[in-house]
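The structures come next, written out as structure tokens.
You will see subunit A twice below: alongside subunit B first, and alongside subunit C after that.
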Partner chain A sequence: MEFVLLIFLPIVAALFIPFLFRKIKGIHTGWFVLLVPVVLFIYYTTFIKTTMEGGHAISELQWIPTLGISFVSYLDGLSILFSLLITGIGALVVLYSIFYLNRNKEKLGNFYVYLLLFMSAMLGVVQSDNVISLYLFWELTSISSFLLIGYWFTRDGSRFGALKSMMVTVFGGLMMLGGFILLGIMGGTFSIRELIAGSSSFAGHEFFTLALVLILLGAFTKSAQFPFYIWLPDAMEAPTPVSAYLHSATMVKAGLYLVARFTPIFAVSEVWIWLVTGIGLLTLFWGSLFAVKQTDLKAILAFSTVSQLGLIMSLLGAGAITFHVDEALFSFAMFAAIFHLINHATFKGSLFMIAGIVDHETGTRDIRKLGGLMSIMPVSFTVAFIGSMSMAGLPPFNGFLSKEMFLQSMLAIRHFELFNFATWGIIFPVVAWVASVFTFIYSFYFVFRTFTGKRKVGKLPLEPHEAPVGMLISPVILAMLVVGIFFIPNVVGKWLVKPAVMAIQPYQYSHPSEVDVHVSAWHGFASVELWMTAGIILIGGLLYLSLSKWQKFYRIQPESLSLNGLYDATMTFSEKGMNRISRLYMTGLIRTYLLYIFAFFSITTIAMLFLQDAFVVDMSSFSKINAYGLINAVILLLAVAFVLLSKTRLGAIISLGAVGYSVALFFVIFKAPDLALTQLVIETVSVALFLLAFQRLPKLSDHGETKSNKLVNAIIALGVGLTVTLVALSSHSQKLVASISQYYKDTVETEAGGGNIVNVILVDYRGFDTLFEIAVLAIAGIGVLGMIKLRLARKESSDENK
Partner chain B sequence: MKTNDVILQTTTKVVFFIIFLFSIHIFFAGHYTPGGGFVGGLLTTGAIVLLLLAFDLKTVQKALPFNFTIMTAIGLLLALGTAAGSIFFNVPFFTHAFDDFTLPLFGVTSLHTAMVFDAGVFLVVVGAAITIIQSIGGDS
Partner chain C sequence: MELVMAILIGVLFTAAVYLILSRSLLKIIIGTGLLSHGAHLLILTMGGLGGLAPPVISKSVTDFADPLPQALILTAIVISFGVTAFMLVMAYRAYAVHKTDDMNQLKGNDEHD
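And then the complex of A and B:
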């Protein structure tokens, strides 16, 4: 089967969702949607057998073959891992959303269409082998994320958050496209596989570092790395299932995927290793530091997601070291990155769902109002506890294993001798340790401030109670995975992680079994990581207990000096600045705009005419002047003079009609019956139209124009007349290209089966022109109708916040 | 001021049909002699404009109870459909076909898909022009 088509399955399913939502009222639309990720998940699991053996599968769909652009689904260990995450978490999230979103109150049709759109886009990102189609899907994830964040579009915050995420991620996406094009220029292909195969040939190219930075910008904006993370906390305005799915488990990991996918190409570069590791570690530290400041449950999770993404990013950077040094010491990093990516999806997904449940059942997410929910919501508490402890890096949860491996990898960086790492390497484990302490604090902060302590009766909008069973299924499944993975890490490693690691480091491994990493919970008392973890628990515990004493220090930072302040200032500045520039020339008077148009038209045309030396007059090809023509010309000139001199508008309109009719007479004199006929009728209809609009126009005398205005108008009018005359003369005399009329004469009978060339040109030879002309005509008609008929309706302006 | 327009109204009642029939003729003749959908459409528009001048907007709407916006849409669909139809015969977009047929009453007649396209043009021209006139004229 051509499994590339399966990428589009969710989009195709999305076409039916609005109908199902409208027609079948009794069943929650989510149940139909649920089928899609479940089917895809089961299908993709069949590939694990192939990827475990280091194999891959390809399926191709041509799109624009002449430009080398196609949809290629390339399934190797890395793609399969992500595809399983997308469909697996997707299925759980859809199940959760069925109980989260009320089918009678919410616009489920919209919601699930966006969600399925996202699913297709995300599958496309992780399976595309062609960078151009990768980019297409990449932007589609941004768009569907925009739609989902703005799902409750009547809220100010939703719209603001949606726009912010769009601005940041699309900016990054465009940068990334630039990087892809540079890669295409350097490697001569858009296929990632071919680029990887030929990467050694262009590693020293002058564009190489530029392409690297551009692609990293794409990855960093998408994966919310410092300083671009600011969009993620605002994206929390989305419904919680969306936060759990897009903004923790899948979409924000697209940047990680991109970095992993391009590691074989860029790992050779010093800039790559420094940037990915450094920015990742900085993000880890920054995110964990500010997570403790937050008071909204979802905001805590958002910052913790930022921080955890930074952790994985830094591991990917550290993993690239293996490109330079083939030592067992460094081979942990890439394994740890992928392993933690899976772990993070499980524990963070469950935590988000719990945050949603708390919000749903108590009516607030403000941690200052919450407390003591443990006895009321025991299942939710258990799940939250498991997730948080895993996040804090404690046994017996999967987060402990990957956290240990992370510390181990950061310690190993000290032993890397290239690129100044020998001098600066010590910073990495220190920052990692400090960040882990804060991670420990916010994990405790999240779970214990919500579920233990005294209940603040009266502060909660709703009477709290445990969530319905259906809503708990998904978080419980994820929590079971959190515990389960702790006990079978090497099975997960063999099935999913090692094939992915092999896909990222093809220069080092040719079979997944060569990845020589064995995960164990106990490394013995001599291991540094163990003592680091002990230190984290000790210091973190002390700091958590004294949290109320030092949390207020966060308030020292003024809001205007934060990155959010910078974003806001940029947005306001560009909006106001653009407004001011527009107002310089947009006066709101059609008169002024016509002046611009005509002036521009005549200046550019005349300039081109003489720059290109295109002006020719060939007197010999002119027709002879006869008496009728002469008389008609005099009438024409008189009519034009009347238009200019007329004191009333009615007179001007009638004179203008006379101008048109005398032009029609010229067509008669020069034997062009089709043109004459059309001109006559057009003139009649347009005079009638003029008369219709006549009564609405301002009085002729009341233009408020000065002498100099009139002079400018006269100059421009003369300029336009001159331009048209010169162009008409030149186009008549210029014979650079042989006339096409002979071809028409020869073929009008045989090819088109007609007799009247003019009409055959309209409907056949140049049918495209006519088609577009009537389309424009129809649009103009609807435009006029809209402007006049809808004007009344618009007055009862509707508030967008309602 | 009330004007006496009996002569205009009486003449219009006859002239309208002459112009309209002429426009139909010109539309069909277009492929061989001067004319075509565009001019034909404009002529019909002219005839309706004449009606509008002689009578008022409401009377004309009652006499010609068409929705001209929908007429525009139908015309556009017809034109686009003719152009796109060729795809199904595995020839490039906008390839026209024609042949001679023997029809009762008319004898041997040459039929073109181009004429269907032209009919679309006709409808769009009439529909769009009258839509504009009606909406501007009907707005008080």
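And then the complex of A and C:
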């Protein structure tokens, strides 16, 4: 089967959703939607067997073959891992949303269409082998994320957050497109596989670093890295199932996917390793530091997501070191990155769902109003506890394992000799440790401030109680995974992580089993990581207990000096500035626009005539001056002068008629009897029409047009007149190709059996033209009739803006 | 003769553009009328004016006028009539609704952006 088509399965399913939502009232629409990710998940698991052996599967659908653009589904260890995450978490989130979103109150038709659209887009991102189609899907995820954040579009916050995420991620997407095109120029192909295979040939290319930075901009904006993370906290306005799905488990990991996918191409570069590791670590630190400041449950989780994404990013950067040094010391990093990516999806997904449950059952997410929910919501508390402890990096949860590996990798960086890492390397474990302390604090802050302590019953909008069973299924499954993975890390490693690592480091491994990493919880008392973890627990615990004493220091930073302030200022400035600039030339007056058109027309035409030496006057080709023609020309000039100078409507109309009749005379003089006849008839009717209409029109007036405006009009008009004269002369004097008239002349009798060539051309050779001409007349006629017949009264109510 | 015609066409276009740029709706319609006359003559002149007989096949004639521009112009005359009629009625209608033919007042306002 062509499994590339499966990428589009969710979109196809989305077509039926509005119909199902309207017609089938008894069943929650989510149950139908649930089928899609479940089927896809089961289908994609069948590929694990292939990828475990280091194999891959390809399915291709041509799109624009002449440009080398196609939809290619390339399933290797990395793609399969992401596809399983997207469909697996997707299924859980849809299940959760069935109980979260009320069938009768919410516009489920919209919601699930957006969600399925996102699913297709995300699958496309992680499976595409062609960078152009990857870019297409990438932007589609931004758009569906925009729609989902703005789902409650009547709220100001939703619209603001949606726009913010759109601005930041689409900016990054466009940068990334630039990077892709540069890659295409350097490598001569848009296929990622072929680019990787040929990467050694263009590593020294002048565009190499530029392409690298542009692609990283795309990854950093999407994965909410510093300083682009600002959109993610505002994206929390989305319904909680969306936050759990897009903004923690899948979409924000697209940037990580991109970095992982392009590591084989760019790992050779010093800039890549520094940027990915450095920005990742900075984001880790920054996110964890500010997570403690938040008071909204989802905001805490948003900053924690930012921070954890930074952690994985820095591991990907550290993993790229293996390209330079083949030592076991560094081989941990890539494994740790992928492993933590899975772990993060499990524990953060469950935590988001719990935040949603708390919101749903108590009516608030403000941590200052919450407390003491443990006895009322025991299951939720257990799940939240498991998730938070995993996030804090404590055993026996999966976060502990990947956190240990992370610390190990950061410690290893000290031993990397190249690119000044030996000098600066000590910073990495230190920052990682400090960030881990804050991670510990916000994890405790999240779970214990919500579920323990005194109950503040009066402050809650709703009477709290445990969530319905259906809503708890998904977070409980995820929490079970959190615990389960701790006990079978090496199975997960063998099935999912190692094939993915092999896909990222093809230069190092040819089979997943060569990835020589064995995860164990206990490394003995001599290991530095153990003592670092002990320090985290000790210092973190002390700081958590004294949180109320130092949390207020966060308020020192003024809002206007933050990155959000910068974003707001930029947006306001560009909106107002652009508005001002466009108002300068978009006056709303038709004269202004016509001036632009006419001026542009004459300037470019005259410039081209002289730049290309196209202006030629060939006197010898001119026909003789005709006395009648000359007299007629004088008449026409006089008539035009009368039109211009006439003070009355009647005078102008009659002079216009005179112009028309003298044009008809020209047709007679230049041997065009058909034209002359038509022109005479039409001109007569036109004048009659003018005379009919003019009674109902106001007197001729220039409405107080200023002298200078008239002067400008005259100059532009003269320019146009001059241009047309020059064009007329040179086009008569030189013909690049022979006229097709000769063909008509030769064949008119034999092919069409007619003598009057003009008539035969109109009704025979160009019969369709004439037919459409009649259609145009008919449309004009209908328009005329409509405007005369329609009543005037309805103009008030038809204005949409009122 | 082509030189004379070219200048004449230039004059027609100049007058037409000048009228189209004015603020009165009626002047604009008259301007488009002049513009189409100018365009018709332009097509005719580009093809050449030298033919000795109308483009009708007969045994005695060999040098007749170029039929192609004439066919194009014939179409254009009819279309321009349609346009003129449409615009006239539109002007009538606009004046009936808004009580003005001043283009500056017909431009709409910020609410309608």
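The criterion applied here is as follows: the second predicted complex is superposed on the first by the 641 of 802 C-alpha atoms of A that agree within 3 Å, B and C clash if a C-alpha of one lies under 4 Å from a C-alpha of the other, contacts with A are read in each partner's own complex, and residues count from 1 in each chain.
Heads up, the rule we're going with is that contacts are C-beta pairs under 8 Å (C-beta built on N, C-alpha and C of every residue); 3 or more make two chains touch, one makes a residue touch a chain.
Predicted, not measured: the structure shown is a model, and the values here were computed from it.
The partner that reaches more residues of subunit A, of the two candidates subunit B and subunit C, is C. By the touch criterion defined above, A:Asn102 lies against neither subunit B nor subunit C after alignment on the C-alpha atoms of chain A. When the two complexes are overlaid on their common chain A, residue A:Ala714 makes contact with subunit C while staying clear of subunit B. Touch criterion met: A:Lys789 reaches subunit B, while subunit C stays clear of it. In the superposition on chain A, no contact is made by A:Ser548 with either subunit B or subunit C. When the two complexes are overlaid on their common chain A, residue A:Phe768 makes contact with subunit B while staying clear of subunit C. In the superposition on chain A, contact of A:Phe622 is made with subunit C only, not with subunit B. Of the two partner chains placed by the overlay, subunit B and subunit C both lie in contact with A:Asp674. In the superposition on chain A, A:Thr750 makes contact with neither subunit B nor subunit C. When the two structures are aligned on the shared chain, A:Phe598 is found in touch with subunit C, with no touch to subunit B. Residue overlap on subunit A between the subunit B contacts of one complex and the subunit C contacts of the other covers 673-674, 678, 682, 685, 689, 693, 755-756, 758, 762, 770, 777, 780-781, 784, 788.
Of all the residues in subunit B, the ones that touch subunit A in their complex are 26, 30-39, 42-43, 45-46, 49, 52-53, 69, 72-73, 75-76, 79-80, 83, 94, 96, 98, 110, 112, 114, 117-118, 120-121, 124-125, 127-129, 131-133, 135-137, 139.
Contacts from subunit C toward subunit A in the complex involve residues 1-27, 30, 33-34, 37-38, 40-42, 44-58, 64-68, 70-71, 73-75, 77-79, 81-86, 88-93, 95-97, 100-104, 107-108, 111-112.
Every residue of subunit A that touches subunit C in the complex is listed here, in rising order: 587-591, 594-595, 598, 619, 621-626, 629-630, 633, 636-637, 640, 643-644, 649, 652-653, 656, 659-660, 663, 666-667, 670-675, 678-679, 682, 685-686, 689-690, 693-694, 696-698, 700-703, 705, 713-714, 716-718, 720-722, 724-725, 727-729, 731-732, 739-741, 744-745, 748-749, 755-758, 761-762, 766, 769-770, 773, 776-777, 780-781, 783-784, 787-788, 792, 795, 801. Across the interface of their complex, subunit B is touched by residues 673-674, 677-678, 681-682, 684-685, 688-689, 692-693, 752-756, 758-760, 762-764, 767-768, 770-771, 774-775, 777-778, 780-782, 784-785, 788-789 of subunit A.
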